[in-house]
Every structure is written in C-alpha cells, then in structure tokens.
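The next part holds the structures, each set out as structure tokens.
Same chain, two partners: chain A is paired with chain B first, then with chain C.
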Partner chain A sequence: MSTRSLLPQFFCAVERRLTLGIAHRTSCTKTVIRRVSYLKQKSVIALTRRHLISDIQGFIPCQRYTTSTMAPVIPKGDPIQIVDNLIKNNRIAIFSKTTCPFCTKVKELFSSLNLEVAVIELDTRDDGADIQDALLQKTGQKTVPNVFVGGEHLGGCDSTIAAHQNGRLEFLLNKSQAGPKAEMPDDVKYDYDLVVIGGGSGGLAASKEAALLGAKVAVCDFVVPTPIGTTWGLGGTCVNVGCIPKKLMHQAAILGQSISDAKKFGWDVPDSAKHNWHTMVEGIQAHIGSLNWGYRVALREKKVNYLNAFAEFVDPHTLKTTDKKKKETTITSKYILLATGGRPRYPDIPGAREYGITSDDIFSLPYHPGKTLLVGASYIALECAGFLAGIGVDSTVMVRSILLRGFDQQIAELIGSYMAKHGIRFQRGYVPIKLERIEEGSPGRIKVTSQNEVGELLEEEYNTVLFAIGRDACTNNIGIEKANVMLNPRNGKVICDEKEQTNVPHIYAIGDILDGKLELTPVAIQAGRLLAKRLFGGGTMLTDYVNVPTTVFTPLEYGSVGLSEEDAIAKYGANDVEVYHSFLTPLEVAIPKRDDNEGYAKLICVKSLNEKVVGFHILSPNAGEITQGFAIGLKLGATKADFDNLIGIHPTIAEVFTTLNTTKSSGADVLQKGC
Partner chain B sequence: MQRVIKLNLINETSSVFRRSLSIGRTASYQSFNVQDQEDFQKRVLNVSTPVLVDFHAKWCGPCKTLGPRLEALAAEKLDKFHLAKVDIDNVPELAEEYNVTAVPSVIAIKGGKVEGSFVGVLDDDKLRAFVNKLIGE
Partner chain C sequence: MVQKLKAEGFEQFQIVVSEVENKNPNGNIFILFSGSKDTTGQSWCPDCVEAEPVIEKALESAPEDATFIYVGVGDRSSWKDPNCVFRLDSKIKLTCLPTLIKWGTNKRLLDYQCNNLDTVLMMFED
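On to the complex of A and B.
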C-alpha cells in the first residue's frame, strides 16, 4: 500500500479503508491473497501518519482523491456526496460504527471471504450523524451496518448474511467485477429481438410493450396440467387460477352475506336461498375464456408471435420449444426474458399428489368440493377457506404455526379470529402426514392423518384436500443451467439486479420468479413494461418495489402498504415507532347487528421522521379499494399530520384514517362503543 | 352429396346431418364442427356449395343466441348452404387466419373465397338477407 494512498485517510482522520485481505495481482495469471490483520493494519496507518506530515501541507481538504488501489476517500462535505462516492467507487462499501457488534460481524463475514471493503466509521467523525441521515434518506435504513455491494443497497447485518446464503452477494460481486456490460455483438442474426418465456402477467406486458416499440417478439406460453389434469389458456396464473377467479369467488361469498343481511333491510329473501357451485364455476370460467381470447387477439394485433409451446434453453441464446403435439422447434433471440411464474407446492407425503388438489384446480372444479381441508397458512389458503365457507362449504384450515408469515402479525391474528367466528375451523400446530382414498367419486372421500409437534396423531375424513403451502418458481425444468443463469439455491428463484438483469447480460427475469421481490400481478406487469421500455425504447425508469400496496381477500379484507409493525420496529427501533390505531364497525353492518368492532385500522409512524407514515393497515370490507388510494400518500412520504389534515368522506370506513388519535403505546381502549 | 333419410344424430366430431321437418318432407342439411385447418380446407374451401362459417366460443353468451338461429336457417334452406362451426379455442389458427377478434363472427365462403362477413348477433331480417345474398335467392 503506497503511503500516498493513505494520505487522505489520515487527513480526514475518519475514513479508513479496512484491508481485510487484498488480492494483489502479481502477474497476469497468478493472484496472491495477502491477509493483513486488523492490528497490523492499524500500525501501518500509525506509521504512515508520521511520514506524511509534510505531504499534508499541500493537501486541499474536501477535494476528491482517488488512486488506483484505493477507494476514493471523501473528505467532509455534502454527506449525500460522501455516501454516493463511497458506494460508487467501491465494490463493497460499509457504513459502520466501531462500537457496533453487528458491524463487526459483517466485516468479519467479508474478511472470511477474503474481500476488500471500504468502510466509513460514523462514530469517529463529527459529520457521522449527517451521513447517517443521508443514508436514511437514501435507503430508508437508519441503523448500521449499512452495506452496499456493486453499487446496490444490501441492508444491515442480517440481510448481508442472508444475501451471502442465498447467492445474491455472489451475484452482486460477480456483476461489479464484470464491469460495464458487454454490448451484444451486432453482426449475429437472431430469429427474434426478444423471446419471452411465460405468457402470464409479466410476460404479456413485456412482450406487447416491446413489440409496440418495434422489436421482433415471440412469447412462449404452455401450461403443464396439474396432477388431476386441470389446464387452462393464455394469460398465466392471475387470470386463470389466481387473482381473477379468486376475487370472483370472494364476491360470491360476499353476496351470500348480503343476502342474509338483506332481510334486516326489509327484503323478503327466502331462507332456502342456496348456492350452486356449478353455476358459479361456469360463470367464472366463461369470463376467463373471454379473457384468454382477448390476450390472444391483443398479441396478434401487436404483432407478437405467440407460441403455445414449452420453452427450454439449448444455449444462452437458443431455445427449444415443444408444443402440445410434441413438435419441437428451435428459436434464437438476442434477449431472453424469463417470466415463468410459479406453481403450487405439494408436501412430500403419501397421497398428496394423487388425492390432493391446489388452487390450480379449485376454480374450475367440476363438482362441489364437499367438506374441505385447506392446508397452509398462506394468503391463498386463507382466501380459499374464506370464500368456500362463505358459499356454505364446510371448511377447515390446518396450520403448522403462524398465519400469514411476513404480514403484520396482529392483523393476521385478527383475520384468523374473524374467520373462526364465521364458521371456519382452524387446526393449529398440525401438519398432514398421509392422505388415503376411502372412496372414489366427485368428490370422493379422503382420510387425512396429521400430526402435531409432540407426535399426537389426528385422523379425519374430508371430500377435498387443498394444499396451499407455498409456490415454487418454474425454473427447474427449463434448462437454465445451459444458460448459466444464477438461482438462489434455497428457493430456485432468479437473482437479478435492480434492472431485472440476471448474471447473463442478455437474460432478464420478472414476476414471481424474481428472488426477493413481491409475487403480485401489478408488480410483474410494471416490471415487464419498464424493462421493455429500457431495452427497446431508451427508457431509464426502474421498477420501484418499495411501498407496493396489496390486499388479502379474506372474508374481511386486509389491505396494507409499507411496513408491518414488526418490520417497522426492526428497522427503526421500538422507541422510534408510534402506532395509531382504532377498531371499527362499518355502518353497513349496524342494522344486521353483526361484526361489532371486527374491523381495524392502524398507521405506523416514525417519530424521528416527523411521524412519517411507514405502514398503513386496514382490516375491513373493501379494504382493497381503500388501500389503493392511500398508497400514493405513503409513496409521497405522508406524515401523520398529513393524514390528520385530510378531511374525511362521511360516512365511509376509510375516513377513520383522518381521525386516528389513539396511540397503541397509550394502551387506551380503541373499541368503538355505544349506539 | 349424402342424403339422410332417418333422423341421424351422429356424434359431433363428424358431420351432423339432421332431418328437416319444416317443409314437410324428409330432407337434409349439413352442419358440422370444424376439427382443424385440414378439415376446413376439405369441407369449407374445397366445396362448391356456399358455406357459412360461424366462429364461436363456449364462453360467449351471444354465440348461444346466434348459433341456433343459423342452425334453423340452414335447416330451412337445406343444401343451399352448409354451416361450418369453428370453436375459436379449439382451432385458434383459423380464427387468426380470418382475423377474427370478437365472437360471434360469421363469414360467408363460396368457392374458397370470402363473400361477406358480420360480427355479433343480427336480427332475423338482416340475417336472412345475408344468407339469401350468399345463396342467390
């Protein structure tokens, strides 16, 4: 290490490059790793300090200073610049504090990997607090360590360790090493500019946009039938076996509730009003059929070549497509977009695939499901249980541990108790271990044996068993290894950068298969459209995966945007988080006199950020409709005062957010009382 | 041309010949589901009799109104035209070839050439006029 390179380090006295292991290139072919101990390094600094005094005289503070072997060491100045420069000029940048054990842990991780890191110790410089504020602005993260790799924000200690385990760290390091992306050779002729694998939410959006911008595009979409043979048309999960039929069945259930409420409002509704499964399924499937056709026509009109065939890699630019009749074709493309989505997972227990079904089957089930067991605590399990119970199906949910992992847990439990009150049975702490068919039929009879943690067995008969224990990314059968695309080994999802670009520069991925991102249709669509614009229309906008609103369509809907209470506390610390909340009773249920105080609203605010609202949560009818509009408030950085200043629309449920004045920390009663 | 004397409900995959009783004598008309492009070539493009092609879908409500009315007209006009029914989900290639974007869509073909077309449900008079023009009545 040259003495010159240490100069600014000494001068500013605070930035310090932690050289935990330096790879020195001694020749073109040989790389020697020299490990420098922490102690030894300190003495090097001490030593050089003395030698440098004379040099310092000529040094102008606040000047950018770079050398080939060193990170640019940024003197005091604009804290945002300081942050940006450290990130921009170093493969690995860490904002740390000398006293923080998590910072030490992160540094040790990189040290164990023999990786060179650039560190700013915030507690050793007087503008440390300003830099921390700048970091908060940039990343929404206030705590240290705050780690960046290859220019991308990784997060704190836990996220860095997780990134190491799930392959993301390796991905970012490789990417930053590769330097600027190699341009595609222009002289190679491909069949297409872009081939999209998967005609779902993301794939269709991307292919149409790309074609509109003049690219020659093909989209391959092929549905592998479920174990019981269910299959469907163009459009992917959302249209055929997801959002659309789910919301329509949810509507069927809501109508059931309305019919019984109607009597109290004076309607002469016969008690014999019954639900007909076949009529509902036929109506829903007819609507889906028309949507499938609409997508086909749209592709045709936009001149996207639609290949109803299964695609797999032959090499990084070549795909083999196999259609229904097993006819194989080979196509090549300059860019390839992976948008293959996910499929429901089956547990590895006897009888699961033979006798069980999933969300892929339920929406077109040709017979009434009868007494149904739903296995899983995912939003899909709870939504299905909700609409089934709502149309009169005997429904039981079997859950290993918590409900709705990843969602706000207070609300998850409120959803569970509401569902339990409305006739859905919960078997918590159990997992199925065996399914046996007792009787064939439509539906047949299935005996389910399940077990809890202490080994107690439970046996019960059902007509239908629906697994909703998670979804697997469709990346294991598309020859992805032939294209060398990196996957997270833990979940098979594709690792990408913020441009949805994989480690192979001409291969991109969007939608449900994207590692660490949200599995939602509008997210996939946005990513697809913006990616196409960047590839073919000179666009620069990236998909913003933060503050994405979402709704769980359980009988009482749950809408949210931003952080759960748990995540807010983890990010900002319990002392810095204030929660305003209230239970609520929609006016509509006042006359039927049901569901008193079953609804709930809360805003999660960060005290030190002027009570900026970082989490919005509502459990109520039509929560989806309520949440969509408020989400823009959070995106624009609304504070609690902004919510207070907003005038409500009366009488609505949503107006509750303009008058939330009880904090959770006060412990005051928030049940609405009286007539 | 095949003549069918008995009420003959052959399965949907082959030609369906039905006896028309409307004019008080035993007669036949031809109405069939198109299986694929080859079938279309053989039974629609390569015949001299005019053919009405009814592009329809299972999920399409208006198709369920128009279908039976076309069927009734075919039965009435006997062999003056044939009715070819194309389920666009089963034979999407044909829908594409004839640029069908909405259903029901009906095209009239004579000697392999498109003579006319309409989209949606026509009222009886217009429908009759359309058919009459095709068969030259």
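On to the complex of A and C.
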C-alpha cells in the first residue's frame, strides 16, 4: 500500500480550513505558527491578531501577545504547561532553534508536505532553557528539533524523516485528523465480539482474557508448512519453533559442558559420553505436544472458539477462513485483532528454499543435521549455532557484516569471540549466492557458493544450511488491503498507536507484526492481555514498551535492559554518558579452569541525571535469570548510587553489579583477579 | 459402538491395554484413571464420581473403533502413597484423579477438566 494513499484526504481538510479563513503564513518574532497550503492562497484572509489567537486554540503567544485577553489560554511561566499545550492543541508541534540546521530540515519537510506546524523557537525566548528542561523531563530528549505529531512524541530530525518514510507520520496525521473515535454502532450484529487472527503468544493471551471478560471470541490459527513440509500445533512461534525448543536445546548444550566439567569435580564420566539427536528432539517434541494440547483445552474451557483455519479479510469486519481441507467459512466480528507473527526469510538465491532450512525446521528435524552452515548474524543464527556446537555439531556461521544488529556492539563482539573460542567457525564478510544439492539423504550434501564484497568466491560442502537472516511479518497474504489497514511499506509491519489500534478503529495489532516494537513473547502477551482488558473490561492500562528486559541465549547468555552504549551516546551525547564495567569469571568455572574473564558486566549511566542507570548488560551463564530481577530497578529509575548501596549475594555472578567502580573512560584494567 | 473395558489395579491395567493394542493396533484407546469403587459402587474420589456421567455422555460421540478403559487405581490410601505405581510409571505419571488419557499421545485431561463436557468431547473428537 502506498504511504501516501491517505494523504489527499488530509490535504482536502487543510484546504477546507483555509478557505474558512484560517491564517496562512503568519508569524511573530518569538513563536511562529505556519499554516501552509499550496492551494487557494489567494482565498486566505489575513486575520487580525486577536482573531488569529482565538482561532488557533492553545497557540502559545510570544511575550508581545500575553495581554489579559490571552491569560486563560496560557498559564504563564509554567514551561511544562507551555509544552503540553503546544502538543495538545496542534496536530504538529515542533520545538526548535532558529540556528539549528536540523530544525530547518524538519520544518522544510513539513512545508514540502504542505502541512501546518506550530513552532516554538527556543532560542528566541527568555524561558527557552526552561522549556528545553521540561522537554527533557517529558521525552528524555534534550536536543532540538523535538517533534510531536497528534500528541505523540516523534523525536528529532532523523526520527521524523524515518517516520515520514515508514508511514508512521501519515498514520499519526490521519489519526489526529479523525478526531475522537466514533463509537461503534451497537445495532449491527456480528458473529463475534472479537476475532483474533493468529493463535500465538499474543493472540492466545488476548482471546482468553477477552473471553473471561464475557466477550464472544474466536481465534484462527493456521500454520503454513515450511518448504520442506514442517508444520506444528496451536501456540505460535514461541512454543513450537522459538523460545521453548530453543531454550531446551540450549540446555542440552549446557549439560554437555557440565558433563565435561563434572570430571574435574570428581565425577567418573566416561569419555565416550555422546549426544543423541533423536532422543533430544523426541523429548522436546513430546513436551511441545502436551503444550499444544494444553492450549486447546484452555481455549475450550474459556469458551473461545478455536478455528484451525487460515483467515483473510473480505472487508473490514468480515473474514474468510479456509481450513486444511480447503473448506471456506465466512465470519464477521465487531473487533479484529491481528496477531499473525512472522516467519523466517529466505534469501533470493538459487537453491535456498529447495535445500535450505530455517529455525522453523531445526527443532523437529528428524535426522542429525551433520555439518551445518548457519547464515545470518541475528540472535537466532547465533543461538542456533551455539546449541548445535554445544551438542557436538560442526557449526559455521556466515555473517555479512556486524553481529546482532541493534544490540550493544561491544557485547555482540564479545559473544562472537567467545563462540569462536568454543569451536564455532565464523566466515565474516561473505554471503551465500547459490546452493546446490550434491547428494540426497538425511542429511544430504549441499554445496554452498558464497561471495565477499570484492567478489571473491568461496565454495564449501555442508550437510545442512540454516538461514536466519531475518523474519517477515505475516501481513502480505491476509487481504489487509481490503480492510485498509496501514502498513510500514518498508517491512510490512502494522502501524499502530500506543493503544495497539491501527488506522482502522476496530482493527488492532499486537506482537511481532507491530511496527517499531520488540519481537518478544512476553511483550506480545502483555499487549494482548491489556488490550482485551481495555476493549472488554474497562481497563485503561497501556503496554509499556520501554525498559523491556531480554536475553540472547548464546553459549554465554547475554541479558540486557535499557539502552545499548551506542544508543545511550546517541541519545544523551558521549560527554553525558558514563559506563561502569568489569570482566568476570564465575566461581563455577574456576575448577575446570575454563573461560577465565569471559563474562562481562556493564552499567550505562547518565551523568546529568544523577547517574541514572539507562542500560544494564551482562554476559554470563544464567544472564536471563540475573537480568529479570535487575530490570525492575531500571524501571523504577535506579541510579548508580542505588546499585552501589545494594549488598551483594556472595558468591554469585550478579553481585558484580553492586561493586562496579571502574569507568570505561578511565581506561583502567577490568580483568577480574581472584575472589 | 465404542468398546468399554474395566481394569482394577496396575497389573490388570497393563494386561488389558496390551490385549487391546494387539487386537486393534490402529484404534484409539482412551483411559480414565479413577479412585476405585467400594462395595456400594461409588468411588471414594468425589471428582471421579462427578466425571463419570460426563464421560459416559461424551463417549456417545467417540469414534466407533475406539476403546475406553476404566481403571481403578486403588483405595484412597494406596493412591495417596507417593510410591503408588500409577504415579511412578513413566508412561502414566499420574498427578491427580481423575485423569483421562488418550493412550500413546500427549493428550490428557486433569481433574475438573474431566467433568467439563466440552473438553471431554474435544478429546474424543480429535
């Protein structure tokens, strides 16, 4: 769908307003309101100042205008109020400085789109600095421009331009244009109050909660088989081909490590201890099978109608469902929730779909994968490489550029080097260009040809090639255009507001398909539950997508909450960021004498915010367990002093956070030496 | 018609199951584990008493070639014994009564789920 498809409607509205006589370009020296139109310029009537001000409600006047007539509009002097009013009363509000080139760029963007903006130029006002502080408090952003659209914080120049490109700007503009949502007509009868498309983490949570609150609910869940035919039961990605089997295989790998450590602790473990792929897969699949069944029972008990069928839109309130036997049914619903998740992407190269597999296949693979190539630098690629190597599979990771894009890059590299030391081969700078089958079999033999930036070719044989180069949102084959739901044209994800509401008021989206949000199970679950409570239980709570803890289950786990060092520097500036850090060696590995100083911990603090901790990072065994608890500290705004004041639990890994006293900027040695 | 069988105690249960498996290797076997009935024909386990008519009713829509086995696991004290063989056997691993199992699958219904006609029907329909 075109990003701009809905804009003409908006232009019409601007035009209408202008013809009604709202000011065209008018400005005062300290505050500027621009209402620009490429149309009907002549018809615009110049207004008296008084008209202008009463017309543009909430307009924050410059000092010159603060006469008694203005007093009720602007509580003078309260910078927070000034900020809030500008945001509340103007579709587009920009806090800017006349001298700042990025501010100019943002203003030019809006004027090129013929959009009206309200601007406060901070450098032309005595209270500019106070307003800037108020903005920092409100948004965590100190720099200008600071842009708000439809009451929502967009950010600075880059985020605004990105929002323009990814459809979010258009979405917010349309939304603010629509005004308060019209209540849905009650007299229309639908088959259901809520139909959820997708029975994964988010969809199941939402449907069960909605049914508990008395709504009539159906969930459509259908798994399209992978190219090699793998399929699975109810529960979505996490349970079947994600978190659950992944963590269990990670555990299989950890046990392997423990078995070899055990000898050093006195256990008489035979050197012949070998891993059996089939036993592991059977055990994991049996567990998943009982979870699938458990979900079905839970839906039944809560009277949610489970339709094992593929759903697609016929119109905004009607879905066509097609089951395994190709039987079609039409259902209507008052509300529709999109929770279709994502599926692994294949590269567009010969042989990829025919001979390659993905994370959708590996966890139930009926044969030992043999020598395996993992393509990609995503957390999924590294996790799979980690557990495969851990159970003795010959594993190679092929990475085009950086590891773990979006994660803290220092830690990403530490993960890479740890994995390399533990028998995982990395081929960096290469991408595969062709897969050819040399021999059929379980596993067969595949020749992989890859290429680096300067065109050098590399050929190598593998038994299994697993692609983990990214995931695509399942939004391209569900007739979404028939419901007019806006997608980010760059990634096909659904654009929503903070209520998970799309541009179509009765259609919502949660989970992995949500644009700009985290792809994590607990995030999808929280969003689903809170949304159901808001729709059917009078709830008001919104999902808080900030400071969500997460863990990458590589051989050394990486837990984090808050900002990466790069993001903290981008947000607060290098001078305002202090990083406290230490390498670490868990006591447990002291006797087997392995992994000396391979673990790492760091806290990222903002100096001007009383050393508030904005980033928490730990690379160690059980990092997930450590991070979960500390995350509450970051959510509550803990400072470095709060961490220092906390007493550790000895001997643990986590206690390192109570004694971090070396800053990265000092350049001092942080290798841990003894107890 | 669904074939209905009964077994009392672990040994008899094993014999009955293996007979059914031999006779009809592809048929579905549903097994209900209950507290054993006393001389009055009542189980000491109230949830089992409640579940019985629900399961009876649901059996009317079970597949024709299915077999249903009612297993009494013993009196209250033998069930409460943590070493009760029904709790320990790796194929059964009972944790509560009643438990309805579709033999050879991961599908099971636990205590109050066995007296919900909807969930029991789902078990038989599959």
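List of remarks:
Basically, the second predicted complex is superposed on the first by the 597 of 675 C-alpha atoms of A that agree within 3 Å, B and C clash if a C-alpha of one lies under 4 Å from a C-alpha of the other, contacts with A are read in each partner's own complex, and residues count from 1 in each chain.
To be clear about the criterion, contacts are C-beta pairs under 8 Å (C-beta built on N, C-alpha and C of every residue); 3 or more make two chains touch, one makes a residue touch a chain.
Computed from a predicted structure; not experimentally measured.
Aligning the two structures on chain A places chain B and chain C in a clash.
Legend: residue contacts after superposition of the two complexes on their common chain; A:400 is shown touching neither chain B nor chain C. In the superposed pair of complexes, A:290 makes contact with chain B and with chain C alike. By the touch criterion defined above, A:300 reaches both chain B and chain C.
Where the contact sets of chain A with chain B and with chain C meet, they give residues 286, 289-290, 292-293, 296-297, 300-301.
Of all the residues in chain A, the ones that touch chain B in their complex are 233, 285-290, 292-293, 296-297, 300-301.
Against chain C, the residues of chain A that register as touching in their complex are 286, 289-290, 292-293, 296-297, 300-301, 303. Every residue of chain B that touches chain A in the complex is listed here, in rising order: 57-61, 88-89, 92, 96, 101-103.
Only residues 105-109, 113, 116, 118-119, 122 of chain C touch chain A when the two sit together in their complex.
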